[in-house]
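I'd like to ask you about the structure that follows.
A, B and C are the chain letters, set down in written order, and residue numbers restart from 1 in every chain.
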């Protein structure tokens, strides 16, 4: 089994605030994992620790079999080198809620800059790569536009293409559709679904329970900075064992859950 | 009253005047470039995670901005030979002092320009794998330039004007030329008026060049 | 090379520097007295509905802001008296120059402040039956002033530093006196260090005070 990511006893503190309280997680190649949790439960913090936009306070993160950082004297606490982290971030794609496209570059410029400056590609190779990835998210025709001229959904798909162009071993999505008008959510979710079906390893923070149900291999429910419940979408979304998970799902009735699959209905 | 204006004598002194103009340009360009470099470095310091660097940046700005540039020029003029043992002349003293002075103002201009760029832009660049310098160079500074250009233009004009103070240590720029000519030809009115006109024209050119640049930068986004 | 600092020699000649400091303050005070009314007047002219008057104000501010202060000082000391047939001493020449130039900068400050007050305020005052003078005095300026204080103060610190340029025509302010002290003591570095600290202390202290006052008297908007 190809383990792409292994997280052991991950803690994150902001001053006195103890946000992540010992997360263990193992992700295999090609898996799509959806992370659910109430606001403030630490979902973003977890993703941001995984590509070191936040430095973990404690715990070990292993990516593609390689432990990130070096042990310090204190057990569990690691120290990280800047170069190591930059190289690592180049291999872990991240998509933000606010897109964060570079407004001074064209769409293709946004996608090309990483491969050109970090992977040493020529402009031509990078452009071909950019166009391939823009096609993957269905937005090739906007290659020469500036981001400001695009709708939110289109911008977010460009952001996905930008991350893909670095040919990452795994992709992190932090509420990639939360800033979008409702009618634009679908196109972004569709791109993400395609990506999942192509075999990309993905960790997705979202409130779209339908996406979780249909696309995720595994769903993780975070609560109080810990993994509160974990299992297949059917297990977690339809038969949650924990009271807190049930509460959370009840508050999300606005998000339509697909009807239970026939065999699941037959069991009850 | 009823002064007979006569600028003709200036023509006879073309070469001398030209040397003054070159002196002004040489000093101004040196100080603008050095000031911008200092400004960038200290702006980065002021925005650093490290408190010691931030303090260093603040001290630099407060110190050099709150002392008259003439005092700094005179200080450098006397101190450089004593400290270095060399006799580098008035250009080195003026260039050092004016660059440090301008750099303090430019630090603040770069700092607020960089701060005007959303945090998400740094993060997105970081998430791609860019190191600090690449984040700055490819993502943050190009965007900051838009809000930096107007105040930076003003500062460039201030630097151009400030170079005239170097005449006090006999550095050969236009005001120095004018002083010499004025004494030589007994024509202070024409000499000093001409210098004034020179600066007004140069600043107008700087301002025009900057509007052109601004229009370019405004095209997107 | 190890330089032996010796400030004692400078302090033995301290009375020269103290006299110079008095000259500096006198100059700054006089320049403010000239600048303030001129700034207000030019700002009002700039806002005038008559194009001729507004244009005159524009030309005034642009001319004074585009010319290096030291060039203006020379011009008002060497050229202007010849042109109009008066005799200026150094104090008159410099305080006039600094006053007129600072007035040009102040005009922009006033204009920004006045324009920042909402149009509705003018109308409300007019509806109460106030004329231009009363409207300005009781309604507009009190609101404008609060907004202008920080940038107004920046202008004053610039003016205070600029007084040092009076040394170029040998007016006895602190830099001029420092030059005398330096040649008496053969201690230029120490002397100019003391002068630099003088300016730094005055401006830094004043700006801390203004920052405090701003916070203390802030009005919710």
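Following the convention adopted for this analysis, a residue touches a chain if its C-beta (ideal position, glycine included) is under 8 Å from a C-beta of that chain, and two chains touch if they have at least 3 such contacts.
If you're wondering where the values come from, they're calculated on a predicted model, not measured in any experiment.
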B-C compared against A-B, more contacting pairs: B-C
Distance-to-centre winner among chains (Cα means, whole assembly as reference): B
CA centroid of chain A to CA centroid of chain C, Å: 58
Rounded Å distance between chain B and chain C, as computed from the means of their C-alpha atoms: 21
Intercentroid distance (Cα basis), chain B paired with chain A, Å: 47
Where chain A touches two or more other chains, by residue: none
Contact footprint of chain C on chain B as seen in their complex: 1, 3, 62-63, 66-72, 74-75, 78-79, 82-83, 85, 157, 161-162, 164-165, 167-168, 175, 178-179, 182, 188-189, 191-193, 195-196, 199-200, 203-204
Contacting residues of chain B [partner chain A, same complex]: 118, 120-121, 123-131, 134, 138-139, 142-143, 220-221
Complex contact set, residues of chain A against chain B: 51, 53, 82-83, 86-94, 96, 98, 100-104, 113-114, 117-118, 146-148, 159, 162-163, 166
Residue numbers on chain C that touch chain B, as the complex places them: 1, 3, 63, 66-72, 74-75, 78-79, 82-85, 157, 161-165, 167-168, 175, 178-179, 182, 188-189, 192-193, 195-196, 199-200, 203-204, 207
